[in-house]
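In the two complexes below, subunit A is the common chain; its partner is subunit B in one and subunit C in the other.
Right after this comes the complex of A and B.
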């Protein structure tokens, strides 16, 4: 769409639900109460890999207050196992996974038994009394051992390899042979996780008389869970209702099916009583989805003039013992293969991603899903190659960027980018700061013996996927969203939307879109999300899509409701609907702006005196659903970090951080900005602090917030945000791209480049995150 | 589990309760009294989501036993809201998008309010340092700093 869109689209209005939340009126899963509620606690495997020889639940079951103890076999009587397959990756080995381990536990923290009692405390006490005879089996922890070693995690597979994805295009060998400079590096990325401050949890309530399951679930995708619960628990999907109330952060962690969660539903079915469970923080660290344990061998070939000729990447990543369900664990490797070199023009690539099983926690989707890996590998290699060629690394980037004239850009990775706006992004960066002065300042500092450096990363974020990925792959995940609008008798509008909120602000964006589409004040619209019984079956939150997809559905529903209101008004006023308009909630004469009818009058006639409307049955309701036909919508941008390293302690201090971003139509800059900043801080955490440390037996060593370090306010500097604006895509939609993963995608790369710029003063470098003080001091040769 | 009778003042009301020796103050507030604005994010004293006022100073409700509340004066976000004493901070948090999911927010608000009482004109660095005991995983902290700074400067009503 090219015509300017009406207000309040584009207005920086605060996120509506936060007014309730600042007053302590949030209602998270842990705040929900239901009569006769029971509480669950899990017995989890203390071993990375062990056979279960016997389980004695006698003492636990005899504990006063305990209602039931369930083993894996008990739960399996009502809950089918699953495989995390994906039809686009037919060679993906996806072992059968049960809600609770039955004969073998394959990660430390895997749920093995479930105690249900009248209180959580009693359930935990009793869980400690469950006696399990274990035979420890050889554990496989690190990715290389998993690939090359003899021990098998799933003996029947005959291999620990889950999936190999590869792609080759152009003459890679010739490009490297003819290159003026080849830079290569082995990168190591630390396994980390999302750490929503509200842990995962649910309350499952089953009514056996109607075989009706109602689940209050801290989840990003309630419709997906409705389908998963129905299929795996043998229930009619239209009698399964999943309600995601206030959700305390998600970041991809609350996006899959979890064995412990469906076991709680199964327990509710077996007991005919509601059962609640919330993960404690140790359970979160051991059993939440992890991500990004990668070892990447990367090479780039550069011509003498600085043209990028080719990339060659070989990625090995470890995903724990199973492929996550329902989306599979193909996504991270896929992003590395598909998005290496994404911002640039080049002719040839060889890329391979090997996913291996290991005896650590499950790994899959966390904000950015593999894109931060592709970005960091690309950007660090470019810096290294430019330095090797004696070229300016930023000039090399500017020289090779995909430009407007190249669009649509068919990358050698096989991905076609319809829209990228790097020229606008660089222009915005140059307008925002004096890059050369900043670099001189760093160089001067280094000349004076300080370790100060600047890193610049260009990134592409794939957002708002169409149904060609999960749908075509036979995965029951919706890429659409829907919106229903109802005009109430006194003129207010009620919206039922399938988008979901974990705080990102899409609800407020959708409200703005509806207000603009109908022509009413923002406050005239109320909205309900996160309830599968009331809204269209939609995707919810994943892959930066709520505004782009759900916003589009809202716009279309809003335009349809507006059309009906105008039609009713025209019939009542004996006027031409085309000569009327709705402004600020009033039907007006379009030419003069003079008020003709209020929406309250339309609502009252339509609901209570419909016979007065000549020739029409007032519906006063409009629905629309929308799914993008494009495979994805790209957002893009730059991230710039300036760091200073303390040569004695090895600590990296952030001095300045700038994000330039282009994401099409910005519905609400206030919310978009802090959403991007939040993503940046998660990327900074990955770059500097966060790593799940395991020993060789698969034991997690840092499962508390005191040991696993997430960024706190003092470690982070202000993050300068600059929006670049490029010509709209020109389709028939609003032209919104997602922003949720942008910050995370580029932040680690920018920091790693800056750290290496700083270390260059001593001829040192690092290709591993997090850049802990110990690793920095090792790189400097101090320890 | 042994039970202990306690009497304390919570949000200005006298509360008599019989608590289990194992219950934390967070359990008492949330499960017994339904004061669910006190959030529990870690139960080991790191995240700050459970921050409340205990005899006038911030404390972590997950690290205080309910039995220790005997004789104490406690305020939760519900109480601070009702009294209006943090209204400016609440409005500033909303206006600046200083929260997304809101799970950290009760603790942030009470910690920020205490800090501003002692430091009426803080620098941004001081605000960041003061909030170092409260984790937020959604925002980039910047909007939180902006909101606290706005209240300190009186640019927030």
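Right after this comes the complex of A and C.
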């Protein structure tokens, strides 16, 4: 779509929901009240791996106020177990997982029993009285032990390997044999998690007379959960309603099925009473999904001139004890295989990703999934190779980036990129700052004994997937979204959208699209999201898609509603609909701009005097749904970090952080900026602070907000945002690419490159994140 | 994360609080600002039968100079320690340390007496009390006693405070015009518990330091006075050789090891802190440094 789009598309409108939330008018799951509500607390495994010999619930059940205590076997009477399979990966081992562990617990924090009581406090008191006889089993914690050791987490599988994905293209061995420089590194990425401010939670309300389940659920994908609950609990899906009210952050943590959550639904079914549960922060750390525990052996081959010849990566990814459901645990390793070297032209790759089971918490799809791993491996290897060849690392990047002339770029990874805009991104970076001056400043500082460095990471973000991944793989996850618009009698528009909102602002972007599509002021549109009973079955929030997919559906619905309004107006005015327009909520003569009718007049006629409309039954409603036909839409950009390391304490201080980004049509630059900033902060957390530490027995050592270090404002410098603009893709759609994961995808890589640039003053380097002060001092040989 | 059921009594006076503490058969905890105790209750790491809330006991928030001593009542909030001009004048080390104590919301509630009686090994004020030679005043129904900071901190979260005693106030010698101090802390994030830190206080005596006290925190179970290092630094002009010699004595100090920071790293940070503090103390306008 090339014609300029009408306002308010492109306007930096503040997120409308924020106004309500900061006035204390939020309505989260914890604010929902239901008559006869009961409260749940879980008994969780204290062991990384142990057999359950007996469970004595007597004392807990006898506690005044306790209504029921359920074990795994009890829940299994109404809840089927599941396997996290994926049809595109037929060799994926997906062990059967129950909502609550029945005979063996495989991670510390796995739910084992559920106490339901008249208050949460009573439920917690009683949970402490459940007595479980355990026989500890050998635990498998670190990735290499999981792959190579003797202990088996699922003895019937005969292996701890969940999945091996391999891809080879081009003559890799010849490329390395002929390379002028080969850079090689073993990378270690710390396990981390997303830490939404609102913890996971739900209220499940079951009416046995109609076998109707209504769940208020803090979740990103209510439609997915409607389907999962119906299938696993044996209910008719059209009588399952999942409502995601205000949700305080998701980041992928609220994207999958959790055993504890479906157990709450099962408890509501067994009791015929509504049951509420919200994770406390300690439970969140052990039972929320984790991500990105990888060990990667990586190599890159460079010619003497600085051409990238080949990559060779071997990724080991530890995923906890099960393949996640319903999406499976293939995605993170898949991203490493598919996205290594993504910004660059090169001819050959050998990539392998091995996912292994271990006795730690479940892993899942945290913001960016495997893309930050692929980006960091690529960028650090390039820096190292360029240094080895005596070349300028940034010049090497510029030399090898995919150019407009290369599009569509068929990468040796097997991925085809229809659109990348690195030339525009570099031009925007050069316009924003003097890169050479910044680099000189760092070099001068290093010459004076300081440890100051600059890192530049190029990144590609795969957004807005089509149905070729989950759909083709037989995974019941929608890659579409839908939008229904209704013209109300007084001229306002009500929107029912299947997108979901966790704070990112997609709702406001969709409102802007509708206002522009119909031709009404922003405030003339109201939006309802997150309710599976009212909206089209859509994907919700995952993989940076709400605006690109849900925004497109909204645009199409808006144009359809506009067409009907104009048709009604033309009939009433005995005019040609093509000569009319809707501007600022008024039907006008397109040529003169003169007002002809208000939307309130259209609404009143259509709803109350439809007989006045000659030859038509006014519908005053329009729906559209949309799914991308392409496998994905790429966004791309650059992230630049300047850091200074205190050589005494090893602390890394962020001095400057710049993101240059291209994402097609920007509906709301303010919200795009804040999405990217938020993503960057999570990437910076991964690079510098966040790591879930386990001991060899699978015990989490730092599962609290005092010990798991999420970056806070004083640790972060200003994040400068630069929008690059490239030629639109030219399809029949709005041409929006997602931005949700862009910041996270490149931030860790930029920091790691900057840290290594700083450490180069003393000939040191690091290939592990987070770059803790202790690791920096170790790399420097100080401790 | 709900605390177990607990009795709650609001003490009206010190005498009332002491009477409640003296009651036998009740496992009580004194509640002041609650910034450490309430999370411990919520996480069920502490499970007293009774909370005795001294938050509204009149007079416990006194902050005044009595003779040559600064008296800080148990209920004086961290925010007041950080901002009151009296503290800045009479105990500038405390004013310098206070911004390192957690975050503003916690400093608004947390109390000086609570910090000392909780005795977290990574917290700032116990080390400051030690460096400043504070006297800690305890009362019980049986009477009043004064315990010097040197013997108050007995172990990890362990103090000389008896089960029937209340920490009433802390008395600190008022800083003299020749007083010097330094405060150095290393934490991963702003407001985090210290991985290692040093509170140092002395008097300038020509180009030497007198009465130098170096109190490390975050490295052991209790704040530690590095007497040997202090003796070396106080014995002569603060040359780099003296600093190196003082730093070398830290090899003998016991340092704890944890997932958050290994022993070698903590010991290294202690050495860095001592170097920075020693150099700062050498300057006439010795002040806090990081």
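Things to note:
Note that in this section the second predicted complex is superposed on the first by the 783 of 783 C-alpha atoms of A that agree within 3 Å, B and C clash if a C-alpha of one lies under 4 Å from a C-alpha of the other, contacts with A are read in each partner's own complex, and residues count from 1 in each chain.
Definition applied: a residue touches a chain if its C-beta (ideal position, glycine included) is under 8 Å from a C-beta of that chain, and two chains touch if they have at least 3 such contacts.
Because the structure is a prediction, the values reported are computed rather than measured.
Judged by the number of subunit A residues each one touches, B leads among subunit B and subunit C.
By the touch criterion stated above, A:121 is placed in contact with subunit B and with subunit C alike. Of the two partner chains placed by the overlay, subunit B and subunit C both lie in contact with A:712. In the superposition on chain A, A:682 makes contact with subunit B only, while subunit C stays out of contact range.
Contact with subunit B, but none with subunit C, is seen for A:249 once the two complexes are overlaid on the shared chain.
When the two complexes are overlaid on their common chain A, residue A:7 makes contact with neither subunit B nor subunit C. In the superposition on chain A, contact of A:777 is made with subunit C only, not with subunit B.
Judged by the touch definition given at the top, the superposed model places A:649 against subunit C, while subunit B stays out of reach. Once chain A of one complex is fitted onto chain A of the other, the partner contacts of A:19 are limited to subunit B, with no touch recorded for subunit C. By the touch criterion defined above, A:701 reaches subunit C but does not reach subunit B.
Taken together, the two structures place residues 121, 280-281, 706, 711-712, 714 of subunit A in contact with subunit B in one case and with subunit C in the other. By the touch criterion given at the top, residues 14-15, 17-19, 21-28, 30-31, 121, 194-199, 246-249, 251, 280-281, 502-505, 670-671, 673-678, 680-682, 704-706, 710-714, 716, 718-719, 743 of subunit A touch subunit B in their complex. The touching residues of subunit B, counted against subunit A in their complex, run 1, 20, 22, 30, 36-37, 39-44, 46-47, 49, 76-78, 81, 90-91, 93-106, 109, 124-125, 127-129, 131-145.
Of all the residues in subunit C, the ones that touch subunit A in their complex are 1-5, 43-44, 186, 188-193, 259-262, 264-265, 268-269, 272, 275-276.
Residue ranges on subunit A touching subunit C, taken from their complex, read 120-121, 124-125, 128, 280-282, 648-649, 651, 689, 693, 701-702, 706-707, 709, 711-712, 714-715, 772-774, 777, 782-783.
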